[in-house]
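This is the structure, below, for whatever I ask next.
Note that the chains are named A, B and C in the order they appear, and that numbering of residues resets to 1 at the start of each chain.
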Amino acid sequence: MILRRLNNLRPPTRSTTVAALVWLLCYIFAIPLSAANHRAVLVQAITTNDVAVQADLINSLANVPDPIIEQALTAWRQGSVYLYEPEDQPKVPFLLEAGTDATGKSRGIDLGTGEFIKDAAGQPLLFTAADLTAADTSSKLRRVIKTTLDLLALSNLNPNVRRDAASKLGQEQNADYLPHFRERLANEKFPEVRKALTEAIAITELLDEKADVRLGAVRALDQQRSIPGLDFLARLETEAKTKPQAFSLDLLNAIHQARIHIERHVSTSNFIETAFHGFSLSAVLLIAALGLAITFGLMGIINMAHGEMIMIGAYSAYLTQNLFIKMFGQGTRGFDFYFLAALPFSFLTAGLVGILLERGIIRHLYKRPLESLLATWGVSLVLQQTMRTIFGAANVQVYSPSWLTGNINAQDVVFAYNRLFVIAFAIAIVVFTWLLLTKTSLGLQVRALMQNRQMAACMGVRTDRVNMATFAFGSGLAGMAGACLSQIGNIGPSLGQSHIVDCFMVVVLGGVGNLQGTVSAALGIGVTDQVLQPHLGAVLGKITVLAAIILFLQWRPAGLFATRGRGLEG
Amino acid sequence: MMKKTLSKAELIGLAVAGVLVFLVLPLLNALPESHPLHLTTFTLSLLGKYLCYAVLALSVDLLWGYTGLLSLGQCLFFSLGGYALGMYLMLKIGTRGQYHTNLPDFMVFLEFPKRFPTTGGLPPHWIPFQHFWFAAAAIIWVPAVVAAIFGFLAFRSRIKGVYFSILTQALTYAACLMFFRNDFTFGGNNGLTDFKEILGFDLNAASTRRGLFMATAALLIITYLVCRWLTSSRFGKIQRAIRDSENRVLFSGYATANFKLFVFVVAAIIASIGGALFVPQVGIINPSEMATDKSLEAVVWVAVGGRGTLIGPILGAIGVNWLKSYATHTVPEYWLFILGALFIVMTLFFPKGIVGIPSQVRALKARWNRQSVSVAAPAALSPEEKP
Amino acid sequence: MKKLLPKILSGAAALALALTASAQDTVKVGILHSLSGTMAISETSLKDVLLFTFDEINAKGGVLGKKIEPVIVDPASNWPLFAEKAEGLLVKDKVAVVFGCWTSVSRKSVLPVFEKYNGLLFYPVQYEGEELSKNIFYTAEAVNQQAVPAVDYMLADGKKKFYLVGSDYVYPRTTNKILKKYLKSKGIADADIIEIYTPFGHTDYQTIVAEIKKFSAGGKACVISTLNGDTNVPFFKEFANAGLTSENCPVVSFSLSEDEFRSLPTKDLVGHLGCWTYFMSLTTPENKKFVADFKKWLKTAPAGVDRNNRVTCSPMNLSRTGVYLWKQAVEKAGSFDVDKVREALPGQTFKAPEGKVTMQENHHLINPVFIGETMANGQFKIIKSLGPVAGEPFSDKFLK
């Protein structure tokens, strides 16, 4: 725990370091004596030269709940435990603290005591990682360390770590681990970890000598519909072909049954997963295309720079992130909220750029839609290159807040948080846009303008202003889309280019000028794409979708939900 | 507005251009290298490349400038022509490739002999491309068929305006993805390259390059004349009528869809021939030639030069590409700014392109004069509002 | 104003000096890397390291007493333009050698040009092989110097199931084809190898990651990724969010180096593996000097060079190695003549940051190979050194 906290230390500022040091010393004195003993074992294990002795020492650490052991073993395995060799004294294994000072140096933490290594004057010594000799490990030792670490992980505080460790150790099919599993299972409360543990026990017992134990294990896997067990059952079945005498008919039947059940379970979960992926892709398409549906669908402007509005939104999210890192530091609770601030900020920035674009260029082109396409493509090139000049050609890094990382795993179907968020967000902005268009006076004016520009103007609608507001709103939506996309993909100058064709497809397929068309088109394209992908592969799937859209428009040239008017020119 | 016969100015222009491309430039190139007036083969090839682009620009203009169909997928046809000739060139490499077999290199290392064991590895549709005549025919019929199918579907269901543009863009995007696939037997991302000879002539020889340059120039002049004839005929009138008001033409009893389909196919063939001549001169064809931005770039050339004229696209294509060669050498970072700004300025202020500038200036002058003579006089129509 | 005049004067003097110098004792060298367009992300760094290397060499007296004068052109990630610019370099600028290209297609595009004008090109980026031109020297990793050792490492680590995912172009296809053959020769069953490709610029990896999740559920599985730069972000984000880690299913990526990590959320990549002939974290004195000198050079670098958060990576290092090998060969041949230099190149050795490298008769290097684990700071922790491996472009020569 100490080291984990030390790792989080912000290095440079003096006052925080001093505070941390004081805190650290208090903490160390509170450590019970037994922990100190384990550390002595650890130090001995690192400094001894005999591999067999080292292995024994490491194994003896498997049941120690002291987090420093885990930290040190992990570091040792990766070669970042270093040796400090003071004259006439035994070697001192140590770790480096996480940060470095301005000259690239950092202090060393003595593994035996948990304190910084100090010189004679009591000042902490400074080291540079590149100049140090790392404590030796051989591949055999690394394997021993790994196993010890996995066993340690079985009692980790984080249930996910426990679960992963259980499945990993189970896959080794090593009967020595069974007592560890059982002991853990007796105290375990989390259902997911319990499941992993029983699974691990069953997989390990598949190799048991007693036939009834094996049968029990197979049945247990069957009951659990264990996907990891599938491979092992298959292996068992092939084995049965080579030495049939070891397998009773009952066992063979049970294995066969289990495989059928599990495979059926896999296809069900695949089905649900595909549906979920379809929805989440639809949500992405919808979020990206909604702004375009407004500007193109309602205003008749082909904004080829729509992709760049998305990009501007994404870069705004990046800037917000940087600001929050500066204010709160990365990985802190404050930082986690950056995304909530990024959404409105992206909306505003992109909306502002939208206003500039509308006032400066598009306003002059309302009567020439094809030419608005060309001019806005020029704008898109300029915006891309501008971003390249400001932020560099490379993509920028955006870290997801912790509440958007991870997933819910229900019945072997993975629902990633960021995907769930995207779906929820898509629903929210569609509802919001719908309300805006149908329940507000701006919405009324927009719809009036869409139906008959001249007539609306005659009725006293200030078309100029409504146009500007609509365009700004559409651009703002694109900006929010960018912030949202930053959670699942790249942020770079060509971000917009990778979405623009898809966006146009959604809008054209949906039919111009109505929301339900856009929503259905996004759903149609997203779900079809995901349904096709497992069978055709990503490339052919995408081509098929494009071809299908082109063909579909033969049938309904104005899209799914065409607005019917009496005008001849549409 | 447009006469059937060539005007005097046009004749003089054509004659000058003919002398320049068929006599002066090749002769300058044939001079010994030490000669101060020597034109390097490099520059000549570069000019040849620009001329291919000019042919492409003419095809875009035929659609956009004269018929009002903005195709954002014209590079698809350009590339199809390129691929058709590229296949022939690829098979003529013979045993001079990396593996010294008759099979093109990429077919060897992608294990085509296993996929097509009966033909020794060559996919069946590649076989006839050993003959130049077949490749030459394919340059015409392949894009024609693709354009006819797509055009038939699109025009039958009256997809027009922006929808047409977006669909052509989707078409070329889908084709681009398709050609990127290695399984599609056209060399995937690496495309077709490392050509050695065409019709028995060494592609590296300066004389072959001169020949290709002259062929391109001839193609451009022929294309110009064909477009000139087409647009000044009765057909051309209907074309422009469709551009200005399709419904009126429709109600006058013309099957506009057929007219549009015809123009679309002709434009595809023109672009394809341009692409075919482009490939041996640059030495490579790969799917990125079909990428959506390439077609948009071709539209810029036309917009810059002046759409609805025939000389405009040629000037635009050569001018913008010369600018590109220059800018990517001298100010690489600013190239996209320049291109983008060109787009914006041209559409906003010079909708008629370079060619239209004199008439715009005249109109401005006229307005100025009228205003200064009498304030009460009605303001002249701004250029874009003129019929 | 007072300050300006001396500046102008000294500038003019320098210019005059440069002009006279260029006439006599400089040698022109071409740099052919995209500085705009999609490939600019990767290739700009190579241009920078080349400029650095030229300065390094010029500071020590140049090549054969002549200072290197770089001619930089921008092929703008446009393949026909690559051929045009290469021709320009050879014909108009008459450069002695060209360093350049990143993608295979750009190399394929310029290859006929170099053969036609008998030019010399050094190519520094890992590639699929299956090519050998007398006018190109490949300092790049061949498949048997990167993909095969990485898979060997995975096999030794007890991995039994391999998921090969790549972008759909020639390098991933060829590499995976070779790897599949290799894995089968090592006794991996067909059912345990899955090969998947995604289109250029793909952003949706849900299905693929879900498949990997189920594929790896039974353990002992790994992913071999030949996804190109951009698409790695959505892939790894999806990967991490699905609960997959380097512990339960490690990913070995062949296209990700330190330079790419600058624009990736490395947090999601921790523990995943890379295999290159060079890592920035190598501790040889040559590498320490290289990294330190490069960072020092950046401070005084010409305008247009990005100065922030710069790193070194394998393609950069191999670009630099190429320059030194060329310099040595020129000195051995006593001339800049392409034919003489080409003859002098095989057998040249150079004490590179990663260790001794040797140019072979087959125009590829003998180079030490390393396997590294990605760390959160965007560096690799070297976990295995494999010693020198001789690069071999043709897979039938190393696959028995």
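Following the convention adopted for this analysis, a residue touches a chain if its C-beta (ideal position, glycine included) is under 8 Å from a C-beta of that chain, and two chains touch if they have at least 3 such contacts.
The structure presented is a predicted model; accordingly, all values stated were derived computationally and were not measured.
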Check: Which chains are in contact with both chain B and chain C?
Finding: A
Item checked: Chain closest to the assembly centre - both centres taken as Cα means -> C
Checklist line | Separation of chain B from chain C, taking each centre as the mean of its C-alpha atoms, in whole Å | finding: 36
Note to self: How many angstrom lie between the centres of chain A and chain C, each centre taken as the mean Cα position?
What the structure shows: 28
Item checked: Centre distance in Å when chain A and chain B are each reduced to the mean of their C-alpha atoms -> 45
Checklist line | Contacts with two or more other chains, residues of chain A listed in rising order | finding: 385, 388, 539, 542
Checklist line | Shared-contact residues (touching 2 or more other chains) in chain C | finding: 36, 168, 197, 199
Notebook entry, point to check: Using the touch rule from the top of the page, what residues of chain B touch 2 or more other chains?
Noted result: 177, 180-181, 333, 336
Next item on the list: Spell out the part of chain A that touches chain B in their complex, as residue ranges.
Entry: 302, 361, 364-365, 368-375, 377-382, 384-385, 388-389, 497, 501, 504-505, 508, 539-540, 542-543, 546-547, 549-551, 553-555, 557, 568-569
Note to self: Looking at the complex, which residues from chain B come into contact with chain C?
What the structure shows: 40-42, 45-46, 49, 98, 105-106, 108-111, 177, 180-182, 187-191, 193-195, 203-204, 278, 282-284, 286, 288-289, 325, 328-329, 332-333, 335-336
Note to self: Quick check: in the complex, which residue numbers of chain C touch chain B?
What the structure shows: 35-36, 73-76, 78-81, 83-85, 87-88, 91-92, 103-105, 108-109, 111-113, 116, 128, 130-132, 168-170, 173-174, 177, 197, 199-200, 304, 395
Checklist line | Touching residues (chain side chain C, partner chain A) in the complex | finding: 36, 38, 40-41, 44, 168, 196-199, 201-204, 206-208, 210-211, 213-214, 217-220, 230, 233-234, 237-238, 240-243, 245, 247-248, 262-267, 283, 288, 306, 373, 381, 383
Notebook entry, point to check: Any idea which chain B residues touch chain A in the complex?
Noted result: 70, 150, 153-154, 156-159, 161-163, 165-167, 169-171, 173-174, 177-178, 180-181, 247, 292-293, 296, 299-300, 303, 333-334, 336-337, 339-344, 346-348, 351, 384
